[in-house]
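Submitted below is the structure of interest, expressed as structure tokens.
Chain lettering (A, B, C and D) follows the sequence in which the chains are written, and residue indices restart at 1 in each chain.
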């Protein structure tokens, strides 16, 4: 069925007034599969028009019809959510746990950008350019919880996402990785709004982002790990047959608006390690399931390899393929591990809203959203 | 002899109008040992008053008496240089090689911030808080070149300097290091003036600084290495008894004015590795020869260890001890190597002019400058 | 004739590797009227592929077919220019004078962003949303110079452009203005590349831009002035019947990438002055000839009036209508003059390349380019 | 009595953990007249050590003895305040009104940086380099309120302060001003901490600061106005003999850490206006009462006039004379009014804490604090 013939699916957005919620609206307001049907925010905003209660911070205007929609509370029985085929969540972690659970219990399907269920053994943690196969655990999630229809799918932390796409390309081409070291230089938009005080970041670097290093070190293994044969358990790269990747991360905040840069070194399990030419080719030739399925948000290239020695750069490269790919550059030997390179992700698109949406597009194609 | 009784030594400054030259002037204009006697710059500026030809970019005014001095060409027989006990060089690398050699040949003593003679087997490469003992090669340098008085001493690259101070503390406490991985986030002032275009760095990161990674990887071993027993050859951490440290560096430019941040992971040769408490204590208790000699530019602490999890930060910590120390923070286990931490150096002071000056102060105390 | 049927006009770009040249390429590579046929740059770049010699600084990639074009010298007889229906010039002022004259003398039509011919009594200085009627002097320009086909049209300084659009709306609605005071906060991209050193602008304001204030004060009157009845002379708002507007400008540089902000106060000739409501309506209802002609680059609104008290802001509003409109906000009484407001222009689009292109589009519609 | 012999006066600081409070501590910790005796903050911080509860954001460390002090609630009977000869207030406006009144009622002397009492007809609004003569209303304030000792003195808004110092120099030399137009480019530190979100100001200008324009337009006239002959009423530049200055202000926020820039145009009452040379000389020769009294915080020059056409600049000039002077540059004719110039003030020092402290120093010299 071509997208032209497809019936549009009504969607809701939780945390619609926040920075991730604004991106959901920007990306979904012209989406071929989805049509925005319900907007949820805090009780402070509920009952008022979206355009009135939102401090819109994107450089495209609020779509007119969205600006006029009345914001609801984030409750499954608030007006509009019941009819939604999917609910996207851009909620903050302090409230996402309870609200998303309430939506799932009400047999709604939740695709969440929040961290709360990422480590849940029933919830897939999906980077759409890497492991959509993990969606196969959904029947088990529903069955375990006794739900006919409701389930939760999460996407990964923004920095993790920028890292695992090139790692997945390397594992696909050369087998398991042994060690990964990464230093991130992260954009301020990753902290939401108001987020980072300008007094903390102008002419400055903050060499610490609370909880971020643990997320990268842990999520990487769940994403790159497998599902067992009956689709009931994640392997986490740590069962006997697949050893976990040893990941060491340091995360820093820099005065960049959008775009997280990662400085990465990798050691392969196999020895001798592949050559730089082989690695470069593996990045360039990487194809993923989202591309095979040809979902609307899938980028033409999952990884763009830059030849110039001073790229990728956030300001110049974050908009490539509408922010839906990962840029890689400076592929060269590491004197300590095997290879080092630099990667870049648009943290607010592929690192957040675009991932959630692309995950849902894939779920549609797999018949998991109807 | 107390500094109060000491006769002041006349000094010259090469490259006096540049950014490093300006720092030399700022730091030397009130120095207890040295008095500025000659200023050298390009032939374009020569013959004119310093205040007129210099685009002064520091936030303290040009010292009045310096502003009125007439700039000379960078030639040993230009007015004033012959009387100088030391000549400090803030020259760019493209001209430093020939000019510094000419000054040395004219039996002048040169303390240089340029990279040209750092790898020279006769020239000491000295970080004043680490290896002033390498000054012992000077007699051999003079003898080899048949010079009665002239010699060249270099200081290290700014990022290398920020790295080797904590590494020296670790080696002093725990013996040789095996592996070092470092990612730097470097300030724009490291590139001089006009240096980095604002269009390249506002809202951006540039993940490449030409030649910088090689400097860090190479210089670290010369600085932390030894001199042979007759003071004629550097060991470079690579003779049979001392294995070279395996260093892997990635250097990036960030929108920070002053202060290079380093994200570092280290593996010790000894096993088991020291505990985090032992490492923390080694940083805090590190004392160096510059402090024992009590030279004017030596900081009260060579390393300041920060307890707050989000420090050191360039804007808040670069001015500690007048920019003459290295800040260290976030000391914690590395899942891949043994320990990881963050370090910070004021690249324009300890990373450049302050190092050169402190090296010369030490040379004075050792009787190498009279 | 619909644009679908229109024969595309071959165009050349002078200064194609510079920042304005890059914008010309970005905007013209998919243009309905124009097709890029020749690229001119310095002799250093001539003979090489555009993609190889250009430090491309835009966040969209170089169009592939352009990257492969061979760059020519900026000479009318260099390959390709002879066939061009228009040549766009993004040349620097130090070379634009001679080169543009050479092209005109060779009977080529030049639409220039450079300042050199803006004050020329034969050359129209056109802001496309304001005074395309000044194109009527072209027959006189050609006749005076004895040229069959060649002529030069200039567009205005970027800050002037952002100012005169709202001023034109006020004059159209309320008659002549008496006094204008303006302070600009200008983006770094206005200075080209490498342009402003990052050491000069990070955490800083530079309260001076050489020559900029004089341009604003002078150009405003030529643009808002008339042509005499036989289309041979500009009135410059200073003949007897139309008094010149008294303009006072201060121009500053701020750490913004794109988008010049203007803080404006205006006094009307007529008394009493119009009310704030009338002024607000005049801005909102302003329609211009470019919109009537419906040329491709004309924005749906020449002026976008913002209601929020803290808008327009360069980062959020410079992309409105593809950078082809002027934003206005904070319309309120001035205690000294009559009204004050804030305006914003995308200096690299409407303030430069977009103006040149829109001027040419209008010239096409008027039969001046064939 | 020389300062060496003077008995130090105990002082308290209200709002000690905030950004202005931190500056008070930095400046007072080594003050020749004052010794910090009590620190007041919100009840959340009260009872805990200052170093523990404060997010210190200055680039000098917390003075050790202050870090160990126990924070009190902002109540006059909290431990320590009763013994204070002066209490400095860096409180936010939402709480300053009640708290400062409570301290005054308890017969304590309050020097406040808050806006609450600036327009009070009994409270002097003093810029120490301009109108310390207004302290003469204090006996009337105490008498009216029936207080033996307590009174409140306020200092001005930071932008107003930067403006009125050069205006005072002009009035002193040339008599009353008729008209002043000013556009400010203000630093983020003016908004406190966390204050301006980095997402709002990186690569951006915000052309609005709530309430700021009204403050400049109103406060200027109180500061430059007189006191009546029996020191009981301010003249506000609006009695019959002295016409109010017509002030029009637009205030904007720019990505600068410290230092407010003002772009100013002035029209004199007298005609013909003074020449540019006379005006330049008036700025350079301006001497004020704080200098005559030789109080510790008085700068050697109240106004520093810059000759370079691109100065003053916040990053390069805000530290002049320890942030206690105003910089002026670009003095030149205004085509609309008489003269235009650029001024710069360190908003966190002379624009806030330094003014309050210098006001108190002057009060000490006048016998108003004992």
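What we mean here is this: contacts are C-beta pairs under 8 Å (C-beta built on N, C-alpha and C of every residue); 3 or more make two chains touch, one makes a residue touch a chain.
Here the structure is a predicted model, which means the values were calculated and not measured.
Student: What chain lies farthest away from subunit C once each centre is taken as the mean of the Cα atoms?
Tutor: Greatest centre separation from subunit C goes to chain B.
Student: Determine which of the two chain pairs, B-D or A-D, is joined by the larger number of C-beta pairs in contact.
Tutor: Of B-D and A-D, more C-beta pairs in contact link A-D.
Student: Quick one: subunit A and subunit D, Cα centre-to-centre, how many Å?
Tutor: 49
Student: Using Cα averages as centroids, what's the distance between subunit C and subunit D in whole Å?
Tutor: Subunit C and subunit D have C-alpha centres separated by 43 Å.
Student: So how far apart, in whole Å, are subunit B and subunit D when each is placed at the average of its C-alpha atoms?
Tutor: The computed centroid separation for subunit B versus subunit D comes out at 41 Å.
Student: If I count partner chains per residue in subunit A, which residues reach a count of at least 2?
Tutor: As it turns out, subunit A has residues touching two or more other chains at 57, 202-203, 255, 257, 315-316.
Student: How about subunit B: which of its residues touch subunit C in the complex?
Tutor: Touch list, subunit B to subunit C: 19, 57, 188-189, 193-203, 255, 257.
Student: So in the complex, the part of subunit A that touches subunit C is made up of which residues?
Tutor: Contact set of subunit A toward subunit C: 57-61, 202-203, 257, 315-320.
Student: Quick check on the complex: what are the subunit B residues that touch subunit A?
Tutor: Interface residues on subunit B, with respect to subunit A: 179-181, 183, 185, 202-208, 210, 217, 246-248, 250, 252, 254-257, 261, 263, 265, 309-316, 329-330, 334-337, 340, 342.
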